[in-house]
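See the structures that follow.
Both of the next two complexes hold chain A, though its partner changes from chain B to chain C.
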Partner chain A sequence: MRQFSLLSRTAGAAFMTPAGVLIGAFVIAPFFWVIYVSFTNRTLLGRTALNPEFVGLANYISLFDAGSFFTRGEFGFSLILTVQFVLFSALIGQAVLGMLLAWMLQSVPKSLKRLTEMVVIAAWILPEVVIAFAWFAFLDYDDGTLNMIMDALGLPRGDWLLSFPFWVIVVFNTWRGTAFSMMLFNSAFSSIPPSYFQAADVAGASSWQKFRDIGLPLIRGHVVTDLILITMWTFNVFTPFLLTAGGPSYRTEILPIYTYRVAFRDFEFGKGAAVGVIVMLINLVFALFYLWVARKRTAKVVA
Partner chain B sequence: MTRYMSLYFTRIGFSVATALIGVFFALPLVWFIFAPFNPRAELGLAIPDPFSLSNFETVFQNTFALRGLWNSLLQSVGGVVLVGGGATLASYALSRSPIPGKHIITYILLLFSSVVAGSAAMVPIFLIINGMGLIDTHIAVIMVFAGGLLPTAMFILRDFIDGIPRSYEESAMVAGASPVQAFFDVALPVIRPGVVVVVVWAFVNIWGSFLIPFILLRSSEKMPASVAIYSFYSEAGTPIVTLLAAYSLIYSLPVIALYLFVSWKFGFRFFGGIKA
Partner chain C sequence: MASVSFDSVTKRFGDFTAVSNLGITIGDGEFVCLLGPSGCGKTTTLRMIAGLETPSAGRVMIGERDVTFMHPKDRKISMVFQDYALYPHMNLADNIAYPLKVRGESQEKRHARAREVADILKIGQLLERMPSQISGGQQQRTSLARALVYPSDVYLFDEPLSNLDAKLRLEARGFLNHLQRDLGMTAVYVTHDQAEAMALATRIAVMDAGIVVQYAPPLEVYRRPATTFVANFVGNPPMNLLPVEAMISDGALHLKAVGLATAPLRVTRAAAKALESGKSLTLGVRPEHLSLASGGEENTIAGQLFANENMGPEALVTLEREDAARFTARIFTDEMVALEGRVTLGFSSDHIHLFDERGLRLPLDHEED
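Now for the complex of A and B:
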């Protein structure tokens, strides 16, 4: 039997128009426009602002220039820094801490669970400028809470943002984003039938054994989902800019900040666009991988 | 017996470890709880003596600070109207009309929106807005936010709408309603919880965002609170702490309120899954 349609094709198209125009202009067009601009020497002011010239692969060649690739403040340095940033703050920091929290929260008193979830989630939902300001105060050399604690513990004070800027943004991003992994793993664990764990308890299994042999294998799909999502978000996160502005001397200039500086501080839109294209291609690989994993999982459920 | 002992010790060990991690998460925020109420607040942690609301008075006397909040509201509400309206119409059409390839469309749009993200996307978006002559306008900020958030909003709403039996609207139409009436009078009231979720999610996203207004706006009287807050630093880069602390708290309140609203209404796991 042919299914009767509630909306005619014309009405459907009309309903799609407002969203279609906005997405077309500000999501799809930028994707193609950035590719075009990356082959030009477009600038903000001057002659090349109105009549940019086609420069072929010059922007890409300058990004991958072997002589300066790994120099601070150049593309290669920034790319490697970003990989380290994602590895330490997302894959190790957020995912491991989120997993640890989700697992432990299963067996701690209700009030402690509530309280811990509240602060972890607060770190995640508050506006980024507020969080950056709170951390600025927290890390202040003279009065900051962190140095106050170091004093109380008899440890040496640190000028954290100057001495360890990279590790500051790693810890900062871990702190900021752990909530998502925690909540995802939390709901994944609570979907496991309690009888599995009860049976293991009767057999005298330790918490680690239960985690390794029951908990982790059963939520493997969620772990993959989580890892891809937090990798994509961390790869594009701009918030560390509010804490360090990429400095001191480019030591925290991850790719989103590098792109911003090249395009909007140095006003080299052509080169900025080339970086943008590379970043978007990396995003595309992650996104396609994610869709592939998600499809495989739904296919399994259906089968 | 030993088994119960070991379960008991695991519980104690986990509680201690959880509490320590909780402290790690709470520490950077402790200062922020006291400073807004301390008329002599500095970057150091101090219990206000006396507790005072004078910092808030300063904020409410500062027209620039108030305008920042007003601009945030304007841009968030504008964006939310476009996202809520656009996504409801589009996802309803995707669910109920015979548009070819409609299952693929949502996925492709979602793919684009996760690829065209962050400061990489701001390079072409800036040039497009510049080409339209819309640099330094509220509408530019509103439209760019709406475009970026719409695919996810449509994805969430389509799930909602697909879950509603078509027979609701079919019986309305058998009774003589036009398709548009069936949408507004029958489907829309049923979809409303989904629209609320999308609206709250979009609002929180726009309200807290820094990068898009930072790049697309020029004049200080159009800046939303997230950007305006940076004018409360002196020339030397030292913050005017009293003003900043109170302002940050006021600026955070809508987000906290909406979070509490959603977790009360839907349970917070729901909200958790859909941020960002």
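Now for the complex of A and C:
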């Protein structure tokens, strides 16, 4: 087949150049810079700020030091915390809740469906800082909305951010991200011919049977895509920092916050860069897996 | 098996009235076709029996049960969908057995039953295949098998043959007719193909703009169409309709139109009262009741030859009159009909249909009323 193009090669290249330069300067160069820094003992202040030395794998070795690996505030603790965070807030929270909402939306009047979509999407498009502040105000001990509700119901007040910091960021991230899964599943369900469900209705299937036997198997590909994407996003999310700043005492210090603390609060650039590289490798695995699944799906559609 | 009845059922979608004051009853063991052009409300009617639509007013009964607001799964019905609605991720055996699965039958039992039904429908050797690996006709049978795999009070068909090519459609139609004879099921069958309705139905409900215009056995619909709409919709090619003027003299009715000569007609006493000279009527003659005639006789119509189509066992001869109206005759001959110029077609008084100015049938004397 002949390829038709809107622009000549030269014109196309000219249009690409500004973006190329920016991406080169701010994405690709730092990428290699971080890898380089992770092998040095570069810091912000002191002798090593001016003359960083090449330390080989020392930064990596210190991250995986068996003696302190699982100690609070260390890399291993943060990694396990992040895995739990992803498990509860992304896989169980966002995906399951999103699926539940999307499935329920299939059988409600159109107006209610629109309204629900609007509300959920609003939670998704609001700026992170605004949401974080709203949640902070909601959970505040003295004047928070939640404690006022508890008062009104005659229930004891709670210092939520201090007592349950991990569950606070889990609920926060679930609330924040469910919209995406819901919309993705919703459009996936809508792409199934209505007659499939009607035939099941007539045949006598319950809502759960329709979900288990028809809805879920037919959107399996979308589910895998969704799980990979929200896992990646949650793995890299920094917003909980605005609520808890990683505390109290490192109890909500997920990997992005840990990286930030090491590099920009403790000013250990070398060690921070090493964490960055490891996170990058983990993300690479997710991304490759995602691309592999996506390619497999496309191939299936074409065949 | 059970009967189905509609009690003044109306269905509105916003401002649009899809079905208006429907009151038909489908008897136990009857095969009723809902026939009409697209948008006439036939599919909506079917979906109200299935419970996929809820009436805006009125009641739907299956047997003695009021099912108006009942969920489809509680109605004891089966339905075959236009697009077959086969599940692409299940093989044929699982597709056919799905209604049994939701009823909690064991895998062994339901696959045995699926095989039984599939064998009847001649798709027993395909049970391991996926729906995408079989032909359209086989998909159609699979969806039929899924409807037949469990006992139902009523079987519903939503244009099940419309996605098949012409040859397969004839074959499937014959098969459905055979099945109906075997099982004696109560069936409601939606179609826009009058030949399908004629071939399958014990009664046809002809629908137009949300209203049942005629509800009668196929031959009755064919022989005595209630309105010009039915006359035009049933029969292939459709009935020839010609505007004429009524003239009463000596108690007999004469029809006047250019190029038309008719013998005096006897109308029933009731009809005669409503008639007077000068009233405009519509004359209808079916193509198969026209034959070639020489000019000037009684009961003839003349015009210029417009088309002469040889179909094998028959020829379709169409003439065009001065007012651009066309008349088509089906001449039953396997000879080539040689015609040119002015053509005259003849018909018998026994095969004349008359409709009043509102398009309603006027009974003639030779039809017993």
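Going forward, the second predicted complex is superposed on the first by the 289 of 303 C-alpha atoms of A that agree within 3 Å, B and C clash if a C-alpha of one lies under 4 Å from a C-alpha of the other, contacts with A are read in each partner's own complex, and residues count from 1 in each chain.
As a convention for this text, a contact is a pair of C-beta atoms (placed from the backbone, for glycine too) under 8 Å apart; a residue touches a chain by one contact, two chains touch by 3 or more.
Keep in mind it's a predicted model, so treat the numbers as computed, not measured.
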Chain A: partner with more touched residues, chain B or chain C: B
Which of chain B and chain C A:18 touches, first, second, both or neither: first
Chain B versus chain C as contact partner of A:83, first or second or both or neither: neither
Touched partner set for A:242, first chain B, second chain C, both or neither: first
First, second, both or neither for A:138, with chain B first and chain C second: first
Partner chain(s) touched by A:92 [first = chain B, second = chain C, both, neither]: neither
Touching partner for A:130 - first (chain B), second (chain C), both, neither: first
Partner chain in contact with A:204 - chain B first, chain C second, else both or neither: both
Overlapping contact positions on chain A, where the chain C interface meets the chain B interface: 201, 204, 206
Sites on chain C touched by chain A in the complex: 50-52, 71-73, 75, 77-79, 81-83, 85, 87-89, 98-99, 101-103, 143, 146, 150, 156
Interfacial residue positions of chain B with respect to chain A in the complex: 3, 6-7, 10-11, 14-15, 17-19, 21-22, 24-32, 35, 42-45, 82, 85-87, 89-90, 92-94, 96-99, 107, 109, 111-128, 143-144, 146-148, 150-151, 154, 166, 169-170, 173, 179-180, 182-183, 204, 207-211, 215, 226, 229-230, 239, 241, 244, 248, 251-252, 255-256, 259, 268-269, 272-273, 275-276
Chain C-facing residues of chain A, complex: 193, 195-196, 198-206, 209, 213-214, 217-218
Residues of chain A that touch chain B when the two form their complex: 4-9, 11-13, 15-16, 18-20, 22-23, 25-31, 33-34, 37, 42, 97, 100-101, 104-105, 107-109, 112-113, 115-116, 119-131, 133-138, 140, 142-146, 148-149, 175, 178-180, 183-184, 186-187, 201, 204, 206-207, 232-233, 236-239, 242, 255-257, 259-260, 263-264, 269, 272-273, 275-276, 279-280, 283-284, 287-288, 291
